[in-house]
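Look for chain A in each of the two complexes below; its partner is chain B in the first and chain C in the second.
Our next item is the complex of A and B:
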């Protein structure tokens, strides 16, 4: 039984603004569907932690950062287009 | 700063600002385009946030959007109607998912007049009619809201909807909101709940016991079943109104104790009470109430659930038995007395004493009728309460009796007169006195001689309703016996005594003894018990008589008789037949050996010390012959004949005593020799332990062992336990030998352990006498106390039949033993008729299948099924199973197939001496794992019962 990699995400949001909220919902749905039991999501609200966003070089919200597995990838937007998102995250193989 | 700048700005600066704003707007738009409007914020390089306009717009419109979203998210089907009933708006659910058959959904779209649509639907849906009527009433302002539940069943499923109509705003004319909610699930839950509640009520209300549920927080009665009304004679409503009112009904005598106990236990919600209640009609019932705590998640007591039973009948039955037993005890005591009593005063005095001691009566008075008429002269009386006794005597002899007095009636009517409730009996004088001394019922029995009431027997009991039909039957019989004895004593007093007793010693003479032997034989026959006739001759008595003279001889006989009478349990079983010839009836013995022991002990007691004749001392000895009933004779004559023969034989052979049956003599002699040898064996350390390994059927490894006692008799060789264990049991030596075995086992175990060997747990057998002995548990504690690891090496094997003898006591003992870390196995399982319910409660670890089951296993399919059942049973009770007496490969194979855990038997090894066990089974074991395997419990989930 080969151990499959654990996914680690950080999602930068602007409070409960519409796009941010959608991004969070979409990310959760995507993880539940394609990465059950093998994902961790950290949420950063840029209104609450502006410095953190600055340090991490995030200038727009919502932004999703895939921290693990490498390479690190950034995606800006509501993550509504699942196929595009999966491709951007290098997860196409998961769907097939 | 920017403010000051702006105030000072010239016109061209304003243009520039306007240009910059345009540019900024362009940038924002471009940014929005680039990000497909999917961005909420953008920050500059300093971390300052620009909020995009689209997001701001969203924020502005979000309130309305939220409302729409909420309506759309609701699982209900919602429509907005105007004042005319026209649908002006519907939510997502209504638009898309209206179920077929219901009065909403795609068929009822915006613009449709809902009221008219409902009217049209009338044929198929009665609910549609009602809905329309309801909506109209709200629209007309006759009601602020309206709701109905209606079914909408399709072939596939049954569904239920709740229709709710609410006025829109305060002005009804504006319109209404119509909402259909699918309540099928709630309805099902409600129906299930209703059904189960109905079942509970049906049960609670049909059972004769009272169920109750009390709120522990505010002391409120939540539920009480109707049986309360029947048992308490008070309404359930009264209990709901005052939850403590059940206590008001408690009998005054039980009140304080019950209140104390209840208040004490109420805090934890667990109680068990037994008390009497007085019902409104003054009748008394016995109640047994038990409460059980209901705790919330925090462990706080929130409710007390309970059950109260009317145990009056049970209680009455118990009392009846107890009362009857008392009367029986008194009857048999007085009847024995009647045979023995020599004069009237002794008869009366002793009868009163027996009534109080054996019959537990508060007072007993025997009195004679005054010749002048109706007065009683108390002759004898007895009570533990001297004050009460003299008060009662005073009452009885009082002359101020009314003619209705109980005693007067007993005398004149020659009938037993009873008052079973003195406090409430209008016929009783002195009610107050009786009440104050706790006397509750009394009976006066006439003593009738020659159709004349010559006296009365008055009995006073502290129990109410004591004298019932059966008690009175026995007591009347007793009164008859006493009257007969009185007459007997009066007319024949001296004569009879002379005819029946030996003048010299006061013992029964031959004729009376013969008669008594016959009586005893009848009793033994009825009870199916043994009896022995022991005849005793004093040695050399003729010589003594001849040489020292008759007076000395008589004095000696008197002294012998006195010593015999002193140690006899019952003087009526002694007799002097003639000259130096005595006889004793012995009963209540288990075996001939026990009888022999007793005879020897009595001989030592009577003849052990010398007899003083004047200043001289004389030692006497006796020869004894014993005949057994029924073995040696079925009647008194035959027994006498055979006992004489045995006595003759004893004289002939110079034996101190002999049984009539030769085989019996041999057996007794052999047994006694064995006893002596065993006693020496214990002193000389001739007992040894052999160990028989138990094998795990899966791994084939030694997991534990059983320690078995062997006797290394120096005269012969190793003696099998069958020959001596029973003797050890009978004589009680088993206690000491058992203690030794326990110590030795632990010593061996610790030695192996300390030597680094994979020592296994060793089972030691516990005998009946050991287990019953009070100090047994402390003995075990003491034995394992020598080393902290000792308990882990010890198992106790106790036979099933022994455990079942006194299950309650066994459970407590076994629990204590297991709490010490010692495991327990049921030995010889299958022979003790365990009830399953007890078996599941027994705190044991393992179960050993008796060897005969193992043997039968290969004989017939039934045998195999039986063993399989035992194994499954044990496993379901989480017990380890060990099969004993496994001798063949076939048996071993079958047991393995059946899932038996361990076996023990000759197939693997017979019991072997400790050194052999060590070299053969311990040294060859791979160290470590086997040790742990045997110590760890096979079923780790099992907790103490």
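Our next item is the complex of A and C:
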């Protein structure tokens, strides 16, 4: 199981808005639980980098983009429904 | 044409949308720097409305705009709007228009609450970069549907609204909703939104008797008067065209007393000089009563005067109409060639009465027509309900009056439905200024065309039923002959005419004879007068002669006596003594 893929995330946040803060907390917790030592998280604050958000086509905050492994997936929201998030990330087998 | 112009008396600036009819109905357009909500069902024209608003701003008002597309990709929207000729692609390249692809995608996963703060941050940058003045959020319902509850939806709508206000942008939110909130529970949020925004417009698209009808209604408009009624519209070649009955405060054209010829000399006489310029004339009659011919005579007369004329025919192709009219001496082909006459076969226009009206208006404007003939207007009553047809007829007349256009419509009456005069089901007859009724008069086994003027506002007009005669020399009205209280037509008229002619001839001959006789008498008398004069002269001469002779003799006698005395040597005779 050592060749399990590395997960690469990009999380788009809107400053210190409550939703965004929740999403960050939830993502960190999820990664610690299910993807220990095999995840990278990049955080983009759209208030600081609106151009980046426009280029990436991110309009709702918070948005989590799974860049790797493919396919690319977008998850919008606070990531509070763990089961939904895991399913979207293709990690549902881990929970069962 | 900037939005800051034309402040109304209440001080609220308006942003023109460029939608013909809508700007008139709202006296200027959408509220400047405020938010407008456009709601409507699927395919009701929300996106076209929004795009036209932006395109007009970019083209005519120097107001760059941003289009945020939640439902479709920007490329598809640009491609779909290609046919309107707004050059959205070019505007985008000139940075007068910017499309934001905010389409969430089908594979998006929603987990928990989110907000539009990120989007607004992105847009803020874009607004600053291109100095945008107008912004459209198209299909806002798509993104709001991803939010978990009504409270979040409300929160985001308010966020958007506040953001728009803070940036002084003229915003337009469009959303799918039924408008009344009862049928579709998802649209409840837009009932909330309607309270928030300054202006709300409802678009709907429904089929009435199988015919598509689009309607627009301004639900609210803070701080401004507006046309509250539902106004039909259609999506034409240049975008939306809203049919407004009358724009508030529109100056009506002054009525003129100028007359225009009906094309039939005797009809002009009957009308006291012709139709009024700018009047609406209705010609009713059953099929085959020469309605088209009569209206074409008007068109020909208009063309002869050099007035640009539009002839809309619903019955047949215009080439057929022209050919048929040749047989009665009405030659329209030359005016077609010179371009003064435009003929349109409206069979090619499919759709509701509304569509017809808008198209005819467009054609008339393009042709700058001063005279319009619509033959027959009654075909409108087939598609759509009677009510719409009525309102269309109403608007047609209103519009033509407003423009000072002289309008002649024919109206086919159903032969079966009513033989009574003028059972005009579109009720256009009450609106028309002049109403001419053509009928068949059956008399002595013949059918003849009868023409009568049922009404003609403001003009003295003949009350007589006249016979309409079509010949290769044109259209004319026959002389009237009445007998036993009936106007004679056809053969009866002809009989009466010939009887009268014979009677005339007899009288004429008798007169001539009398004259000849009198002439003879006169000549005879003159001769007699002359001979008597001669006789008189002779008598006078004789009388003079007689007098002279008598004197001569007297002289001679006295001379003779003197001689005798001298010869006798007698004493001189004392005069006076015998």
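Points worth noting:
Here is the rule we use: the second predicted complex is superposed on the first by the 94 of 96 C-alpha atoms of A that agree within 3 Å, B and C clash if a C-alpha of one lies under 4 Å from a C-alpha of the other, contacts with A are read in each partner's own complex, and residues count from 1 in each chain.
Following the convention adopted for this analysis, a contact is a pair of C-beta atoms (placed from the backbone, for glycine too) under 8 Å apart; a residue touches a chain by one contact, two chains touch by 3 or more.
These figures come from a predicted structure and were not determined experimentally.
Look at A:76: by the touch rule set out above, it reaches both chain B and chain C.
In the superposition on chain A, contact is made by A:62 with both chain B and chain C.
Of the two partner chains placed around the shared chain by superposition, chain B and chain C are both touched by A:51. Counting the residues of chain A that each partner touches, chain B and chain C differ, and the larger count belongs to C. Residues 13-14, 17, 19, 23, 46-47, 50-51, 53-54, 58-62, 76-78, 80 of chain A contact both chain B in one complex and chain C in the other.
Taken together, the chain C residues at the contact with chain A in this complex read 68, 100-102, 104-105, 107-119, 121-122, 124-126, 143, 146. Those residues of chain B whose C-beta lies close enough to touch chain A in the complex are 35-47, 49, 55, 58-59, 62.
Put simply, chain A touches chain C in their complex at residues 12-15, 17, 19, 22-23, 26, 46-47, 50-51, 53-54, 57-63, 73-81, 84-85, 87-88.
Those residues of chain A that touch chain B in the complex are listed here as 13-14, 17-20, 23, 46-47, 50-51, 53-54, 58-62, 76-78, 80.
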